[in-house]
Amino acid sequence: MSPPVATPFFFYLLAVTMLIGGVLVVTRKNAVHCALALITTLLAQAGLYLMLYAPFVAGVQIILYAGGIMVLFLFVIMLISIERTEKERQFNKQWLIGIAAAAALGGLFIAVYTKGKALFPEGRLTYAEAGNTQALADLLYGPHSGMYMFAFEIASLLLLVAIIGAVVMAKKRI
Amino acid sequence: MEAMLHISTLHYLVLSAALFLLGVIGVLTRRNVVIVLMSIELILNAVNLNLVAFSRYWQGIHGPTALHGQVFAIFVITDAAAEAAVGLGILIAFFRNKETVNVDEVNLLKW
Amino acid sequence: MHAIVEYIQSYLSSDQTPGAAGNWFWATVYVLLVFVGLSIAVICMNWLERKILAHMQVRLGPMRVGPHGLLQPIADALKLLLKEDIMPAEADKAVFWVAPFIVVLAAFTVFVVVPFGPTHAITDMNIGVLFMLGVSSLAVLGIVTAGWASNSHYPLIGALRSSAQMVSYEVAMGLAVVSVILMTSLHGLGLYGVGAAGSADTGTLSMIGIVQAQLEQHEWFIFKFFPLGLIGFFIFAVAMIAETNRAPFDLPEAESELTAGFHTEYSGFRWSLFFLAEYSAMIAVSSIAVTLWLGGWLRPFPNALSGSTWDLVFSLFPGITFLFLGALCFFNAARMPKHPFFKIQTIGLAGFGAALALIGVVLFIPGVRERVGDIFWFSAKVAAFMYLYIWYRGTFPRYRFDQLMKVGWKVLLPTGFALLILTAVLGFVEPPVAAWLRGVL
Amino acid sequence: MTEPKTLSPLDLDTPDKTHLDANELVINMGPQHPATHGVLRVILRLDGEKVLGLECVIGYLHRGVEKIAENRTYTMFNPYVDRMDYVAAVSNGLGYCEAVEKLLSVEAPPRAQYIRVILTELNRIASHQLWLGTHALDIGAITPLFYTFRDREEILKIFEKYCGARLTTHAFRIGGLQYEAYDGFERDVKTFVNFVKPKIDEYEELLTTNRIWLERTKGVGVISGKDCIALGVTGPVLRASGVKWDLRKAQPYANYKNFDFEIPTGANGDTYDRYIVRMIEMRQSLRIIEQAVDGIPEGPIMAKVPKVMKPPVGEIYHSIEAPKGELGYFIVSDGSTQPYRVRVRPPSFVNLQALDLMCRGQLVADVIAVIGTLDIVLGEVDR
């Protein structure tokens, strides 16, 4: 893998795409538009993962998030009628409180970052992405350092429970 | 300008924080449950971005196999899938009974 | 000036893909080549499908535009581009506009990692197969939004059907793919994942890596662990037809039930985008199948007919094929009616045949024939899949929706799981057993 | 014009609340729909994809054929009946001519009878071929359509040679035939019989053992023999439900009693059985044709009928076994040159009644298969 080209340009492009997508998700009336904006955000984020030398996570992001979860969202949006909800009030009554809380959280972030900026010295790295998937697999199930094996099993159990739960919840007559 | 052009971990953290805040605003202010769920996805993604950015930072110190942040990101994605499935399942059950998708109308413990 | 030329030439001597070599010029050229090649392939496919299907159904197919209807796809494309683009009044304008582009983008982006040869790919990715599956699954989004944005019953039902279908068959498809990825790690040397990352014993997701694994193991994966590879291939072959919404799984566009499915309300240019996407998606999944099971760019019979003589014989195939096609054109030109009305058509067909024959002759030149051999074999295998698609369409009735789901979830998925487990077990057991057998014999 | 209140339990105004919540989704299939064989409109009441009930809205092709009859002489009305079941025009003509002949108490001479049988049976094959092609097309198999049309063409060629028309033939006249069989008629028919026999095997090769075809047709649109009789369903649909009822055997008309043939019956009354029954019927028709061609007697082709027909006062009901079922003509004569009333009992119309029963509990895709398997022609349903 050659060194990345025009890193700042792509970073800002993807970052701006993500933020615009995020703003649209929060503000659009139509849920399908929100979903499309979210998909844009997710894909831009997959691009950022690639820039961070995390190709496997990027692939999972595309196949699971954009290709799986968002299809589920779109499916549900189409099953429930949205014509009516579009005409209704979009924000709830405590929107002011919500924004205030978010602003407070934002203030906290800013404070943390300004204080702790010095704690993040950039470790420069130029290494090939080639082994990324294999290294991840090694961490997850490898014989030498498979320290996440147990967590992985728990996650699969969680998924099983979620499947059963979703079926029980959504089915009219079981 | 130099700080702007050299993309460091902090850049990713700021982006992630902004995304997180957007998600929080969405969760706290929107009425439509579907959009609230999508905002939760935004939050989870912000966290993921953070994790992967730190994973890269960590690799710079401990070598290429220090991928714990990415492993965590994968777990978060798994969790997001489970959350979306169950959340939308609840949503459908709720909609079938109340014929609404607004969170502030979920004000009964049973119906 | 010299530096630029050197930069351009720098790729030619390397044994990498342009993406891996970081050569922007050649990467751009490859992107353009793939794009143009794909468009031509879709046009050819359009004509071939109509002709082959017609001959299966005792009719002639297009005969009017050009000799034997050869110009028909171009006429169709012109018609579609000039046609009025109708937007339903109640449609969601923005989404309606963007949906076909999502589908087309997803269908074309996939080709970034398709390896037409060891160096003939735009780039090679560490996550190649994952990338292909992921990006091709994005097409569902376009289909769902297209159906929704049309704001009409039939497209909506068609969209829901196709998304349900694509999502369910993706699972079986993924299982078959994973079984192949397991096979890549089996060199008969060690167990899975043993050794450091990147060592010879670990598997790979890279498309080029998968073909190279088949090369190293001297076995196409369709024959590996017989019949496991064959079963995996079969699962994939069924799932890929369902993925691309083709007969007999073409419920989303079931004409007799849903008129045209999700693209009922589309017309003109935007409809043609769906058409383009459908055919390039067919080519895309076929090339995944070819790469994973049929040895990608490798020529057939690498073991039985090995040696430099056979290499030479097989390297003549591209030229022979084109010469044959040219001869076919000449033969048909000779059979044309002798009436002056058909003069232009006859000349055109003969000219086309001459062009094909010329290409065939060029492909015999030693320097050229070594370089195009891999592309030719890859394309030939993909073309065989395309023929299968047409053949299925001419033969099979259509499944009902519940039966389709039953096939996906109750037949393919359990088979896929069994296949995965058996592949893993065999991969674990085979090396020691083989070693033991070697000791005994 | 105000829409008349629907009498059925299907209320068109059921609020279509949402796709998810509504227990019922009302969908309108047709009249412009590729799979409703013309202009049938079906209002489907669905629970998801399951059919809760349906209602057929017909009349889009109504031309008042029965009323026209009251203002035409018996001879003038003859061509009109061809326009009802236009894919089996010869059968329609046979039924009408025989009914009027019965009213006039004349009988067509034997030679005419034989030629009538040959043409009618040829028409039965043509009708079944058209049915098979379109039915398979509805289920998604596109190729059989072209095969059947290729072979049906040969039948139409024989019709064209015989009477000049291919579709609405007006082949028969009251009292016999207008045209003598052309030179080489027998040879043409024999060639056709030998030509089409392997072709029927070809159709079966494509479909009979095809897994997908079996899954799409077995157990779909089941109707019991009892229900068939209660609804008045006739023809292959009735026979596929296990009732051995064929007017050619039960009330022999023309000279069917002289021919040796079998009546195929099914056991399950599903779409697959109906398909098999029709395939066997085609083969049986070929058998009848072979016997008839070999035995055409010499003689006149027209009985003595008056130029101006004035049947005696009275009424008559005569029915024949058309390709689609019992085709009956009820004619009331007041002694004048024009019938007082003609009432047609079209098999398609009566068979269509069973659609609701056959589709309940099935899926939407099955509705299309069942409409196909009933083999309706809207020209005949609406008249």
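In this document, chain identifiers A, B, C and D correspond to the written order of the chains, with residue numbering beginning at 1 in each.
The rule is simple: a residue touches a chain if its C-beta (ideal position, glycine included) is under 8 Å from a C-beta of that chain, and two chains touch if they have at least 3 such contacts.
From a predicted model like this one, the values you see are computed outputs, not experimental measurements.
**Student:** What chain lies closest to the overall centre, CA atoms only?
**Tutor:** Closest chain centre to the overall C-alpha centroid: C.
**Student:** Report the chain whose CA-based centre is farthest from the CA-based centre of chain B.
**Tutor:** Computed centres place D farthest from chain B.
**Student:** Hey, which pair has more contacts between C-betas, C-D or A-B?
**Tutor:** Result: the pair with more contacts is A-B.
**Student:** If you average the Cα atoms of chain B and of chain C to get two centres, how far apart are those centres in Å?
**Tutor:** Distance between chain centres, rounded to whole Å: 36 Å.
**Student:** For chain C versus chain D, what separation do you get between their C-alpha means, in angstrom?
**Tutor:** 47
**Student:** Hey, how far is the Cα centre of chain A from the one of chain B, in Å?
**Tutor:** For chain A versus chain B, the centre distance works out to 5 Å.
**Student:** Where the CA atoms of chain B average out and where those of chain D average out, how many Å apart are those spots?
**Tutor:** Taking the mean C-alpha position of each chain, the two centres sit 64 Å apart.
**Student:** Would you please write down the residue numbers of chain B that are in contact with two or more other chains?
**Tutor:** In chain B, the residues touching two or more other chains are 64-65, 92, 95-96.
**Student:** Could you tell me which residues belong to chain A and also touch two or more other chains?
**Tutor:** 56, 60, 68, 77-80, 131-132, 135, 138
**Student:** Going through chain D residue by residue, note those that touch at least 2 other chains and give them in order.
**Tutor:** Residues 17-21 of chain D touch two or more partner chains.
**Student:** Can you list the residues on chain B that touch chain A in the complex?
**Tutor:** 4-15, 17-32, 34-35, 37-39, 41-42, 45, 48-49, 52-53, 55-61, 64-65, 67-68, 70-71, 73-75, 77-86, 88-93, 95-96, 100-104
**Student:** Mind pulling up the chain A residues that touch chain B in the complex?
**Tutor:** Listed in rising order, the residues of chain A that touch chain B are 7-8, 11, 15, 18-19, 22-23, 25-26, 31, 34-35, 38, 41-42, 45, 48-49, 51-54, 56-57, 60-61, 64-65, 68-69, 72-73, 76-77, 79-80, 82, 85, 88-95, 97-99, 101-102, 105-106, 109, 113, 117, 120, 122-125, 127, 131-132, 135-136, 138-140, 145, 148, 151, 155, 158-159, 161-163, 165-170, 172.
**Student:** Mind listing the chain A positions that touch chain C in their complex?
**Tutor:** Within the complex, chain A touches chain C at residues 1-3, 5, 30, 32-33, 36, 39, 55-56, 58-60, 62-63, 66-68, 70-71, 74-75, 77-78, 129-135, 137-138, 141-143.
**Student:** For chain C, which residues are in contact with chain D within the complex?
**Tutor:** Residues 56-59, 153, 156, 247-248, 250-251, 254-257, 259, 393-403 of chain C touch chain D in their complex.
**Student:** Note which residues of chain D are touching chain C in the complex, please.
**Tutor:** Touching chain C: residues 19, 27, 33-35, 49, 136-143, 145-147, 150, 206-207, 210, 212-213, 215-216, 363-366, 368 of chain D.
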